[in-house]
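Okay, so chain A shows up in both of these, paired with chain B first and chain C after.
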Partner chain A sequence: MRALAAEASKLASLPAVWIAMAAGVLVPSVIAAITASSTRSTVTRGAATVAGADAGYQELAFGVVGAIILGVVAISSEYFTESAESGGGRQITTSLTAVPSRLRFLLAKISAVAIACAVLAIIASGTTMGVVHVVLGEHAPAMGVDDVPRLGGVVCYWVYTALLAFGITVLTRHAVIPLAVLIANTSVVTVTYLLTKITPLANYLPDMAGVRMFVRRLPDDTVEISPLTGGLVMTAWVAVLLVIAAVAFTRRDA
Partner chain B sequence: MITIDDLVKRRGSTEILSGIGFQARPGRVTGFLGPNGAGKSSTLRILLGLDRATSGTALIGSVPFVQLRDPLATVGAMLDGSGAHRARTGRAHLRWVARSAGLPRGRVDEVLDMVGLTSAASRRVGSYSLGMARRLGLAAALLGDPEILILDEPVNGLDPDGIRWIRTFLREHAASGRTVLLSSHLMGELAETVDDVVVIHEGKVVADGTLDEITGSHRTLEDAFFALTTGNAP
Partner chain C sequence: MTAPMTATRSHGREAAQALAAEMSKLASLPGTWLTLGGTLVVNLILAIAFTIAGLQGSTGTRSAVDIGLASIGYAQAGFVVLGVLTACSEHVGGQIRTTLTAMPRRALQFTAKHLALAMVVFPAAAITAASGVVLTAGVLGDTAAPVTSGRVAGALGGVTAYLALTSLISAAVGALVRRTLAAVVVLLGYFFIAGPLLRDHTAVAKYLPDGAGFAMWFPAADDASAVTPAQGALLLTAWTVALIVFVLIGYRRWDM
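Coming up: the complex of A and B.
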């Protein structure tokens, strides 16, 4: 518990974490505001009758960038090397002399990231859905019991994505590559989505499977994966990656 | 008591440490001397469980560092720089370290005061000078009021005031029956601080004894050091 308290304290005092939090709330909310207002004009023009069932959810799939930043900086900050003039130290040495058990350290960090990201996902879901309902007004899709597991899926997806980003960064010990690759994949060029054009197996990649937890209609959907299956597939990816990361982390020199 | 026995560390085909062994006893300041690249930091990193030895043991009391129940209250360690992330404030850094050991917040202010960083505690570590960064590293080492201090190049980057302060501090620390192990490549600064000297050169201990024994017939510790690491190098 002490190790977890220390990790929570680290996250709270790191400016990059607050940037991640801001991005996590703003990105989906702003995109939702833009899409919802264009949907609204389509509906009022009579071109469509009602907003799609994925209004808000699609945006939350994009907004996961905040979770990615959180997962990456939580561990890359440990390896950030001070300038030579300041002695060239790294925080990881302090961390591991304070909590010498590598596994305990990693578990505490994983827990802190998961908790912070779950809180972030709940806030982001609230604001994004709020924006959709305010902008669309009466045209907004009705929220019901059905949305509870879907929003639970959003939280799961965000936490898992943060942990995937975390696991990759444990291996790279550097923020740049995981940040660039993961953020590009969710926004600019969705490589994993393009891969589904080549092989249906790509639908079982972590992000493609994970979004099924809450997105009902994917573009050019060829494979049917239930929300539960999608969640389990992503869970498996996260578990495997974290085990690899833990093995590497406990074996190598800090 | 710190006991290091036959420590070997290989990285690829290079042997960084070739059978390092020595002890650091309570109530004494032990100086671990050697030129840059001799293996001082590698030895200390293995002692602190940061790096893994190829063979040999490094014990704190009777257990390896990673098995200590309350590491911060047993060993205070300072390695390179501040050991803090540059975007955090000095106080925020010490607070998370304190939390990891369940120490009260008040202790953070105490150690800030001890190292003379109180006025800079709310500034980001990135804006610290090297001397301030070292003081912050020392503050973190002192948080748990440890029995043993392990300091890598503690006088590096300190101004003359700071060097004088740390000398007095370490002497007092040892006088109260605690163990101090410090590494340095600066002989002059060390001669007035240490009781025991271990000289390391190219991954091997070339001399181990009290300050008087090591200085021996040489005029100063520095002369003895150069004789050991250049003239008589095996």
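Coming up: the complex of A and C.
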């Protein structure tokens, strides 16, 4: 518990985490404002009757970039080498002196990242949905009971993505590569989406499976995966990656 | 007592030495070669993936140039990272103070650094772009749609210039932000998330660096208002020069 408090305090004092939080909230809400206003003009011109059921949710799939930054910096900051002028130390050595059990350290860190990311996802979904409803007004899709599991899916997807980013960074011990790969894959047309063009198996990659927890209609969908299956597939990916990360982390020199 | 020897260098020699120094720093950075090598490998893997998709007919085109260059949109991440590393490696561990002691003329040092980067990325970008196209053309073989050699040369030239200029823009942003992580996040967020979305929703986005740069090589829509490759090249060059000059003005005034 004290290890968790320590990890939470480390996270909260990292400027990069606050940048991640700002990105996670601003990216989806600004994009939602832009797309919702263009939807609104289509609706008022009479070209379409109602906004799609995915209004807001599509944008939240891009906002996951905040979760990626959060997961990456949470662990890469431990490995950041101070300048030679200030001793050339790394925070990981201090952390492991304070919490010698590596597994306990890693679990505390994973919990802190998951909690922080869940909070971020809740704030971001609230803001994004608020923006969609303010901009679209009466044309907005009605929020009902079935939106509760979808929003839960958003939170799940964000937390899992943060943990995937975290697990990869534990292995690389450097922030740039996981950030470059993961942000490039958050693009409008993701690499994993292109892979689904080649093999239907790519639909079971973590991000393609995970988005099905809350996005109802993917373009050119070839494989039907239910939200629950999507969530389970992503859970399996995250679990496997975290186990690999934990084994590597406990067995190698820090 | 004799006066200390003051060896005076001509400006030309000073510039040549600055360029040699910056080139030596860039070439001795393991990150440079890891990034370029990794980008080349990733680009080839993606090119294979696009080619397979092309053979299955889901890309909508059979042109070896279009399919072979489709992966560049992702491979540009490597060139962004290289630009940022070039600029930000100076600020890790205070190397910048040694650099500026050795080369007190900051404008000269800054220009030399960007010139050295350009000299490295131009051939690297050309190799990356050409390898993807050659691979695709080899796999597609006779099934590839015929393209004129002028189109091939134009597209390859456009991609090479685009990647090199993107790298220079990234170096300028890196010098402005001075932190690798923050610079990488800002640039990749722009090139991969904000840029494509703005292109879909606003008309002015085609004049921004990524929109203008894409016009240099991406098959543009047949639209009278579309940016031509030449205009795109001019716009992107203007963006790059403007950004470098803007950062240089700050760079001369800041404490390091």
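In this text, the second predicted complex is superposed on the first by the 252 of 254 C-alpha atoms of A that agree within 3 Å, B and C clash if a C-alpha of one lies under 4 Å from a C-alpha of the other, contacts with A are read in each partner's own complex, and residues count from 1 in each chain.
In the analysis below, contacts are C-beta pairs under 8 Å (C-beta built on N, C-alpha and C of every residue); 3 or more make two chains touch, one makes a residue touch a chain.
If you're wondering where the values come from, they're calculated on a predicted model, not measured in any experiment.
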Fill in: Which of chain B and chain C A:5 touches, first, second, both or neither
first
Discussion item. A:228 in the overlay: touching chain B, chain C, both, or neither? Say first, second, both or neither.
Written reply: neither
Discussion item. On the A-aligned overlay, A:85 touches which partner chain: chain B = first, chain C = second, or both, or neither?
Written reply: both
Worksheet item: Does the superposition put A:179 against chain B (first), chain C (second), both, or neither?
Response: second
Discussion item. Output check: A:243 vs chain B and chain C. Expected answer is one of first, second, both, neither. What do you get?
Written reply: neither
Worksheet item: When the two structures are overlaid on chain A, which partner does A:23 contact: first (chain B), second (chain C), both, or neither?
Response: second
Worksheet item: With the two structures laid over each other on chain A, which partner does A:98 touch: chain B (first), chain C (second), both, or neither?
Response: first
Worksheet item: Which residues form the common part of the chain A surface touched by chain B and by chain C?
Response: 16, 85, 88
Practice prompt. Spell out the part of chain B that touches chain A in their complex, as residue ranges.
Written response: 45, 48-52, 65-68, 71-72, 75, 77, 79-89, 92-93, 95-97, 99-102, 125-126, 128-130, 133-134, 137, 140, 156-157
Worksheet, complete the sentence: chain C residues touching chain A in their complex are 38, 46, 49-50, 52-53, 56, 58-59, 73-74, 77-78, 80-81, 84-85, 92-94, 180-182, 184-185, 188-189, 192-194, 196-197, 200-202
Worksheet item: Where on chain A does chain C make contact in their complex?
Response: 16, 19, 23, 27, 31, 34-35, 38, 62, 65, 69, 73, 76, 81, 83-85, 88, 175-177, 179-181, 183-184, 186-189, 191, 194-195, 197-198
Practice prompt. Going by the contact rule at the top, pick out the chain A residues touching chain B in the complex.
Written response: 2-3, 5-7, 9-10, 13-16, 77-78, 80, 82, 85-91, 93-94, 96-101, 251, 253-254
